[in-house]
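Questions regarding the structure given below will be posed in turn.
First chain written, first letter: the chains are A, B, C, D and E, and each begins at residue 1.
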């Protein structure tokens, strides 16, 4: 029952429309155009990827969507609502959560507390409630703790509940970040290189987790990755950036066979058949 | 032998510790002198110094501690009126007498506390005296009034300004400054407004630096101040060459003028290895008033240690002669009844008596 | 191919504290007796050499400190709850006031300790929890103090007289205009805020908000002025300040004014990071002091305000009288009890906030502003709440301080005071409530008891030369103790559990290779501003298009 | 098996195995390291001979990073011996071991955020005083990673994750180390650059006889270019041997290479 | 008031502010250096700098009656002050900050305050042994004279010109500015152009990684404290020379303003500290004369802004500037990739 309060979307069927519509988004740093008029529409309850060479502007793209950078031009709409101009916390409240390329957990908090912070924006209790310990306060605390419990279970980190987050092994920290982001009850979650630093075995687990995020929680997933095996087998749609510009997009096999992508990104090892092997079996 | 203690409250550490230490040392000297007499009377006399760090809260806490020590029969202090006011209030319920060697703010005695006395002139008598000097002797038509933004300096300068205005003198500028080093903007303003005299309510180590920079800019306007300038350090700071045309009012006779003052200065230097300054002399005088009062009270009490109340009453009523600052007696609120204010003039760094004025507190 | 052998599992000894009920009670009884006896002159006289020892000022200071340590031990030691309660209540509500009866300075000392404890608790929220270094904290203390002092002293009638004499064209018409302006401005501000929660702010909406802000300010000024003018007739009636009955109202008002000033100061500066914030708060603290020194009409400037009234509670006074207190002690005793209650409330608020959504948000922004924001924590709002909460504690204590001192002047609110409070927080253990209270107690005891005690005790010891009398070295000794304590216990006297974990795992970026471990290998280590100025001006967070 | 074989064909071939009979260049014997109370290395023994590429693999939290930190002197082992070039360096601080010809690409890149790309490289060459040589090496770094040249004057902290990784590697190569410690050099790099990195490692090893201690999650690639390998698990050494043998080990394949 | 009076007035105020600003600037650099490398507001720096002033005082006092050339005396005083303050600063770092390397940043901040208190009383005690509290500089003959006053000297025309327009510049002011400029350029060179400087900057950002580059961070930190302390020594002597009288406690106020200057300019930036110092010096002086303009313009409210506000002027300017430029005038924004 509580599960549904954490993730109401889980029950709802996919609407088929776009949850996120990014149009002609541009970011300039001084003379450098890091993201150049990129348009991308993310279908509701899909798993999509953004890939591209180093420095292509992927992280910057995420930073604009989440309000950390103000775009130079362009628009971002979540379920039809304009996000440009909002502060990061407002974006989160609107329904986008994210993880970071360089892990940013709260270093003096336990795993549980980290997730509870993620839940913060959904709690109803106020300053006064906290001081007076009203019923609403207790309900909120309960809700936060429940959310933490559920999310820890969900990503399989229950045993780390009371451990200081930054003492966790690297891979588990990444999962904790995902759990923290999910606790905000997002409509859309942005994952920036979730598999970095994981070995192939761990990456497999992660893949399963990401699928469950979409299937069980009904959260749309958009991720950045360099691990092509993960990207090609997981994503339903791929956008490729190079030097800030979208050079290709499409279904995994289309992108994989696009000569521009091979040239700019995949390189000589990108034997067309290689990455797709598992895709078929999924 | 019964132990009798007197306490001092003054800043012994921090930026005003030089003045506070002067007071403590002055009192110490008096205690040393009186120890024998007390011994004869059957008492063991001791001094307990307290550091108020020039902070009112610390001073109050010290006062309450003093109040709790039954052997302490009197307090000499403080340096800052801001500390004296709450401290004397804290001492009042225990009838512990306080004789101030330095506090000039009107409010110190205006509250009518039975235990608060002072041997220095009030701002509203020292101020007008300074103003009179400016108009009568210096014949100034236009004056610039400065203060150091402390209770003392601002209070004094305020009284001066009031008196000057009453006498029709134009005030070409009136302001306070906490700055201790750089006076260039004030000097420029003075240069611009060309006053005939400058009054500065404050302490010598700030005013000295100011005068030095004033003279450095080629302005020779007379500078007048209050007892905060009474220090042998003043001409040193200004520099011998520039220490001209500087005047200050003080209750202590110039140390050279009185033979007693000379011996005081010598033994101060000998005991503490530092020259005596105005506040040392005031502290010494205040302590003598206090100690003499205690002795008198003991005598009246049949040779037994007197109670605090007895000391308090005796001191308020007594008359004390032969002090460095002349004769001291207090009016009903503890102000010094009549005092001679000496106006000292610095010429080429040498202090000399210019004139003396007699001042009275508003009440008698 | 070789397979290495597994290592032996590490053995860890469990930490169980022995029960110390007996020791606690014993300690309580002994220190209470010592405290009471040492303040009973008659008994002391008959004690002979023991009396001399107890009379020694250093010993006396130690006795007081040891007695106060009761409360600490009751908190720290493992003991039966009844014993803890007995010792806590017994020492604070019975023994201490009783000793205070004989020695008023004990009451003064205890009030001062608790005032500082409250300040430290307030600053702890700002610095310890939210990680915002505030070096001008004493400003809020001043605001609280002046809020009460201006009204509860002859100042108020001076102000009224002034406005009576300088009424200008102000009258009831002005009041009406002012009220309308205030209402309209406040209304539009609320409206725009509401709008902003729904749609992204635009330049126009921001500008109108600012404009409405000015309108509000003007409106309030007008209202204030006309109220003063209209009431100027009653100047005589309040010649000695307003009715002491207003004390209770002002207790709330001082909280609010300080909080408001906290918000006003916080709004422009809380965007700044780390030490930029530190120095700017330091400056604003000075600004408040200089204003107090210059706005002579309201604050009496450097001359200070006196006498300042306190609440008058007749039944309390008769109770105190019945208990044998002297009339001049009534108000101190009253303030003592009041301050006990207030600090209990403050402590409660602290603990409750810490274990709540807002407390977690504070720690989150301290750890990582960007991540916190990305998790939906509104930075500005969260920081403002920290600032205002901390300020309000200072405000209420400022008022009590003014009532206790009966005199206040700007000297009491200088930078050194802010630094002292900060040192209490760090010394006690940042982020730890019991720690900062202990820090406040230790520093206050040092400053008001132990150091003066050293000075007194050595004043008449012949072999200690005048020049090195400890009374002249308060700063030196205090400084040395600060340094020594920090070197010995960098995490504070009673560290916060979270802090300790952090100190030992994450916080430092130091290469501790010499010590056989590498606690600090993670970069970061920015303790009071974990946030980073990540974003360049031209890509301001959430800026408008 | 199919992934391994494809990787092996794309991975550059390592130099012939160097002589491993003499005294090792680097020898860890029964090393124990702690983070305060966390016992991270529980008796590690490891050798690396001059001219070898040694791979170190293991799961998250196994202690790979800790091993490298211990070697470079970022942390001091509590017990055990650590010798490098015949000298006991246990407890020698990093700045001294670096002057003995080591170089360490640390986990998490640790770029100097406020220095420009060029300044980062110049600081990397701190132990070199010859200005001309420094410039030569900077150009070498630019040749490996042209992106760095494009961004010569950009602040290190504003570079993208992968760009920072390139910078970290280039910075470590400034001193032309005798022993190179690489902690997940391919992390965050796009496929194209992953290959480039492995090329560079092999090239350094072949041309400069650089000894390399390589920690990699991309174990397939790492084992393909390494001469020997060690497998770490929760602070203990589980396996060691020729890289090709390790790569064939069933349990390793299962645990680290993602084979079902 | 006519322009012929007002102009020299304003020029004097600004020149006074600039000279003051140079003193602030060079004190500020001591803060900035240490701040840069340890992110520590070194509260003890005000005493380190006053120690320099005391050393300078002693040198001038001892040499008072010697026939030595005035500039030589000054050089001696500067060098001695640099050595003493520099070493003192290194010592402070060793004893009070280094053991706390791993602790939260507020902890060394508190020990810094402790050290500051210790030094104040120590300096007062040492001078008190000789019966002194206020220390008044006895400058070499001529230093206090009007700049280029001597007829026939090569620069006399300039001196004459200054005199005719009513500007007060003393020789010591000119010396001060020259010494300050020289120290600033040397420092700027060292930090930005030398290997030492680059190493210091690397250490300031990440000590552990700097170690991986072969840099001994402790040595670099000591070097920084040495340089910062030496600058403190120079600024102390200049301060004493300019204003004439100092005591053990007089470092605190200028110390705070100087640190404000460092922040205003952007902490860690050398030109920023200089700019900030100059700006604050001038602003402080301008605030001090605002009332004149208020009166001239008939603005009653401005007329009440007098010298008593000049102490807070810097802070108000700081607030205004930081609101628009949160990292100070020349501060680099603190970048980290999200």
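Here is the rule we use: a residue touches a chain if its C-beta (ideal position, glycine included) is under 8 Å from a C-beta of that chain, and two chains touch if they have at least 3 such contacts.
None of these values were measured; they are calculated from a predicted model.
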Revision key, fill the gap. Chains in contact with chain B and also with chain C, listed by label, are E
Practice item. State which chain is most central when centres are taken as means of Cα atoms. Key: C
Revision key, fill the gap. Top of the farthest list for chain A, CA-centroid basis, is B
Exercise for review: Could you compare the number of C-beta pairs in contact for A-E with that for D-E and name the larger?
Suggested key: D-E
Exercise for review: Give, as an integer number of Å, the spacing between the C-alpha centres of chain E and chain D.
Suggested key: 47
Point to revise | Where chain A and chain C are represented by their mean Cα positions, the distance between them in whole Å | key: 42
Exercise for review: Could you give the separation in Å between the centres of chain B and chain E, each centre being the mean of its C-alpha atoms?
Suggested key: 35
**Study point:** Approximate Å spacing (C-alpha centroids) for the pair chain C, chain E
**Key:** 33
Review point. Listing for chain D: what residues touch at least two other chains?
Key: 73-74, 93-94, 108, 110, 158-161
Study note, to complete from the structure: Multi-partner residues in chain C (2 or more other chains touched) are 290, 293-294, 370, 467, 472-476, 499, 502, 505, 507, 511-512, 519, 521-523, 534-536
Point to revise | Multi-chain contact sites of chain A, meaning residues that touch two or more partners | key: 29, 59, 68, 100-102, 104, 167
Study note, to complete from the structure: Listed in rising order, chain A residues that touch chain C in their complex are 27, 29, 66-71, 73, 82-90, 92-93, 97-98, 100, 104-109, 113, 116-118, 120-123, 125, 127, 129-131, 133, 137, 140-141, 144, 164, 166-167, 180-181, 184
Exercise for review: Flag every residue of chain C that touches chain B in the complex, lowest number first.
Suggested key: 39, 41, 102-106, 108-109, 112, 290, 293-294, 301-304, 306-307, 326, 328-329, 401, 405-409, 411-412, 447-449, 451-452, 455-456, 459-460, 466-467, 469, 471-476
Point to revise | Touch list for chain E against partner chain A, complex | key: 337-338
Check your understanding: Within the complex, which stretch of chain B touches chain C?
Key -> 12-14, 17, 21, 25, 28, 46-51, 53-58, 60-62, 64-65, 67-68, 70, 80-82, 85-86, 89-90, 92-94, 105, 107, 111, 149-151, 153-155, 176, 178, 271-273
**Study point:** Of all residues in chain D, those that touch chain A in their complex
**Key:** 2-3, 6-7, 10, 38, 57, 59-61, 108, 147, 158-163, 165-166, 184, 187-195, 217-220, 254-258
